[in-house]
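Order of writing sets the chain letters: A, B and C. Residues in each chain are counted from 1.
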Amino acid sequence: MYKRKIFVYVAGLLALAMLLAACGPAPTPEVVTQVKEVEVTRVVAGTPEVVVVTATPEPAQPKEGPTAIVWWSHWANEPSKRVVIEKIRADYEAEHPDVKIVLTWWDKNPMRDALRNTMNAGEGAPDITSDFCLPDEVAAGWCLPLTDVLPWENFVPGTQEASSYAALGYPDNYKYDIGLSMNMIFYNKEIFEELGIQVPDNYQFTQDEWIEMSEKCSAAGYAGAADAIGNRNYPARFPVWFALFNLVGPEEFNKYYSGQQSWDTPQIRQVLDWFVQLRDAGFWPSTFSTMTIDEFHVYFHTQHKACTLWIPSWYTGRAFKPVEQGGQDPNWHFGMLRYPLMNGATAPDAIYVAYESGYHVTSATRHPDIAKDILVFASQPKYGALWTAVTNIPSAIVYDPVKDWPSDELLEELGVVPGQWQWYWEEYNKVYGGLQGGQAPTPLCDKVEQAWASAINEGLPLGLITVDEAIEMMDANLCK
Amino acid sequence: MIVAQRVGAKRHSTWARWQRWIRLTLLTIVLLAFTLLVIIPFIWMVVMSVRTTGEILNDPYGLPKTVRWQNYVKLMADPQIRFYRYFGNSVFASFFALLLNTILVTMGGYGFGRNRYRFRGRGVLFTILLLSLMLPGQAMYIAQFVMMSRYGLLNTRWSLVLLYAAEAVPVSTYLMATYFSQLPSELEDAARMDGCNDFGTFWRVMLPLSRPALATVILLNFMNFWNELMLALTMVTHPDLRTLPSAIMYFVGEHGADYAMAAASLVVAMLPIVLLYLFLSERFIEGLTAGAIKG
Amino acid sequence: METKAVTNAKLLAARRRHSGWVHPSKPWGAIALFIGPVMVYYCIFVIYPVLATFYYSLLHMTPTGGRIVTTFVGLGNFDRLLNDGIFIQAVKNTLRWGVVGPALEMLTATTLAVVVYFRVPLHRFYRTAWFTPVLVSGVIVGLVFRWVFNVDWGLLNVALRAIGLDRLALNWLGRRDTPLWCVVFVHYWATFGYSFILLLAGLTAIPEELIEASYIDGASTWQAVVKVMLPMLRPTFVTVLILSFMGKMRAFNVVWALTGGGPMHFSETVATYVQTLAFGQQSLDLGYPSAIAVAWFAVVCIGVGLLNRWLSRRVEQ
């Protein structure tokens, strides 16, 4: 009975759509100089002094008086980092009583979704946020430049270059960095002893030795590495990164990394072939595709089910916390290794040092000067020292280890147990001390990022594509 | 049931009766096994939720050493989790959406269902109303997102209220219309004789008589609103305002390593609907079937 | 409890039988009052967005702070989607699901409905138990089954290993070929109860006399079922089949929670792909996902139309 009418109306709607399409101008390619603005309404909500954060049970925003700055940060479950940022906040508020900072802690993925949602809507977005300002977001005008704002001389040399998107056409800097992300390899001492694996004097296994080690580990029921990709799209990339870095050196690596060079080279083939051999030797855990980042940390440091863990230095933010919260036992010491020594390596002693997530000022802020000032305040050397002292992660801010180091009273107040992680630093200095750190630029255009995630993070380790197909995928998504 | 008894009655011999018993027993075993498979995930979840994560990691299928109700307390009370927020948001969104939707569809169903209100284009309008049943949600929600953002309703629970109510209009109106169309017209005439105008007739006579259909509509819609995910994910991202389905997605996504808490969160989200169902199962089922048979 | 109105109604009915029936003039005010709000609301929140989506599908658009920056690209988006490997994969997956899913569901649901119709022992319990998965949110179902399919300690693999079928204890959610079927199965688990109940109701509506008549004519139970009940069930069967098909075409909750479309888009459906494009963490363009939604809408309409035509023709025969 209704069928005929349904068809008639569907046909009518489709016809209307075709008509609309047909009557417009000829289809133009995507990059267009003319931009047509359709809507201009921007709803201004709340009073001018207060940034509205809709309907939360948190204490009500003051209507007059202190200016409220909303600061979103992920790292919700990394207590040591929270301590540092909260201290920065407390210090700033003490010095500037007319500013109140509302700090909200998030998990990474929900925060990214909320950022997209609120920036699209034009309200509810924070003033300062972490994990933002990817190239597309910069292009959409969602980030304020920090080029002439931050005291770049306070930071480790190369920080300013690393936070610029010049390669993609955006020469400004959009990021405040506090932590360095140094890529490391940990190993389980007990398992190595049990399997009779000897660590070489220079802490560096060759690429063939890595295959052997994986085979031994998986034969005994352990995973070669604990890394897994359940809820992050990068952990499986580490072996490729480390090996490529070692093989071609930082500069060439940068080009491959950011999609500025074709992947059809013998060096890439060498690395990817080795990567596939690792997989076949049982390198990845059986729950590789479903374990989340929290789970695979636990897999390594509590369940002791893997020989190694390939992880950047922010491991300590996640693992150096009470065991009930998912952290590791402070008395369990693991060892460290240098990168796999690839055949024909040009930079065998280089270590890949990049940057952790940092903070950005969004275009949604109504108090850009104050927001920027907060980040400038946070660039003081003492905060770099505080960062390292509390989180056990190297800092992007240069500090004097004697003058700027936090006092014992402060550390006690912040809940840091003295000497608890001494063994970690001893091992660190032993294995990585004196090595040259090479840095990779962070901006990746979207296509390259997606290709990395599909081909290297998922495709190759899961055996879904071949090496040739992976190279094709990377080449098809170059970022020129 | 007559038919089943008839089948049995035709065969009187003892052997045939034994055969029948054996067949029934086998059938029951198969069906019970099937049912077990169907409900086992639930049981597992509930058991996991009263253990500690450490226990679970060591022995995923063991029985709890002690029954830890603290997991639930922690879920609700822990200042970093505060699950009660999500509950409150789901209740808010579902309640107001139900209210809005019920008002619209009872009146609409009455207008579409009664012969008195027939007019030339009514069938067409009714068809248009039903059209959106064929639309995948994706066809609408992008534009709804833009609309909500333009009116400043993004990241408020009202956006969910408005959109849920809209989503449920077709089926609910259809159900109400069908039910109203079956009420005898003498009732209308009698009411008019008593001095009611059209709205009075509706309000005083027809609506009270439509309680069965109304209950069905409310139950069905409540179930759909409570469980709705897509709009909840895209319209509301602020943690304090999330509804249960979207909160659970993120909670288990980010805290999935804490299996006990994750399982507890799933159980808590399921509980209201399951309890409601256990109390009202007849009504639920009646309601669902009413729509389909007549269609 | 007879109200005055009802008593009056009976009197009036008696009176009417003896006199003529006079049509009153159309009560337009009342019509507007009753139908107006619903239609207006519906137009604002459903019709307008649908038309807007059609419009957006012709644009490249980026909402920015409450404004929308748009570029007209005509059919460019549609061109793009025909060449989009992921979209094609998603379409293949969804269509495969749309064929296998309803077939599986209808087969089992009908069998179960027939069995329960005959009032086997515990039939009320079955009815309640089998409907329970329908109540539970797709999110919960997806998340629980992620654990069930876990390759190390998930329910399925542990059970398989316990009965010695180690070889079948695969990495269900991590391979190339299995995630889609996991999705199909989990969604089936979550929704078969609904089809079952509807079919059971359809069976209950068949007049018993027909079945009794067939027994009198000497039919066995099996023949009664196949020759009498199933044909009478056909209209309900068709309705349920179409509902099931439509449901699979737009299903989102379970897929999103179980696999999110992964790994590497092997379990991507059109619904999850639109979600990823529009609200995921990739590009900010909303025009392209709108184009996909429009294209898919057309496909679903055609699919339902074909199904309808194919099945109803058979009914009339």
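Operating definition for what follows: a contact is a pair of C-beta atoms (placed from the backbone, for glycine too) under 8 Å apart; a residue touches a chain by one contact, two chains touch by 3 or more.
These figures come from a predicted structure and were not determined experimentally.
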At minimum, the number of touching-chain hops separating subunit B from subunit C is 1
Farthest CA centroid from subunit B: chain A
Dist(centroid_CA(subunit B), centroid_CA(subunit C)) in Å evaluates to 14
The distance between the C-alpha centres of subunit A and subunit C, rounded to whole Å, is 39
Among subunit B residues, those touching two or more other chains are 128, 134, 145, 149-150, 152, 233-234
Residues in subunit C with touches to at least two other chains are numbered 50, 63, 66, 68, 279, 294, 301
Flagged in subunit A as touching 2+ other chains are 10, 39, 41, 43, 113, 116-117, 120-123
The answer for subunit B against subunit C in the complex is residues 1-4, 6-7, 10, 24, 27-28, 31-32, 35, 38-42, 44-45, 60-61, 103-105, 107-108, 110-112, 116-117, 119, 122, 125, 128-129, 132-147, 149-150, 152, 162-163, 165-167, 169, 173, 184, 186-187, 189-191, 193-194, 197-199, 202, 204-205, 223, 226-227, 229-230, 233-234, 244-246, 248-249, 252, 259, 262, 266, 269-270, 273-274, 277-278, 281, 284-285, 288-289, 292-293, 295
Within their complex, subunit A touches subunit C through residues 3, 7, 10, 13-14, 16-17, 20-21, 24-30, 32, 34-43, 112-113, 116-117, 119-123, 136-137, 140-142, 286-290, 363-364, 446, 450, 454, 458-459, 462-465
Counting only contacts in the complex, subunit B reaches subunit A at residues 57, 80, 85, 123-124, 127-128, 130-131, 134, 145, 148-152, 154-157, 233-235, 237-241, 250, 253-258
In the complex, subunit C touches subunit B at residues 3-13, 16, 24, 26-27, 29-31, 33-35, 37-39, 41-42, 45-50, 52-53, 56, 63, 66, 68, 115, 118-122, 125-133, 135-141, 143-145, 147-148, 153, 155, 158, 189, 194, 197-198, 200-202, 205, 208, 211-212, 215, 221, 224, 236, 239-240, 243, 246, 249-250, 252-253, 256-257, 270-271, 274-275, 278-279, 286, 289-290, 292-294, 296-297, 300-301, 304
Residue set of subunit C touching subunit A in the complex reads 50-51, 54-55, 57-58, 60-76, 79, 146, 150-152, 171, 173-176, 262-266, 279, 281-284, 294, 298, 301, 305, 308, 312
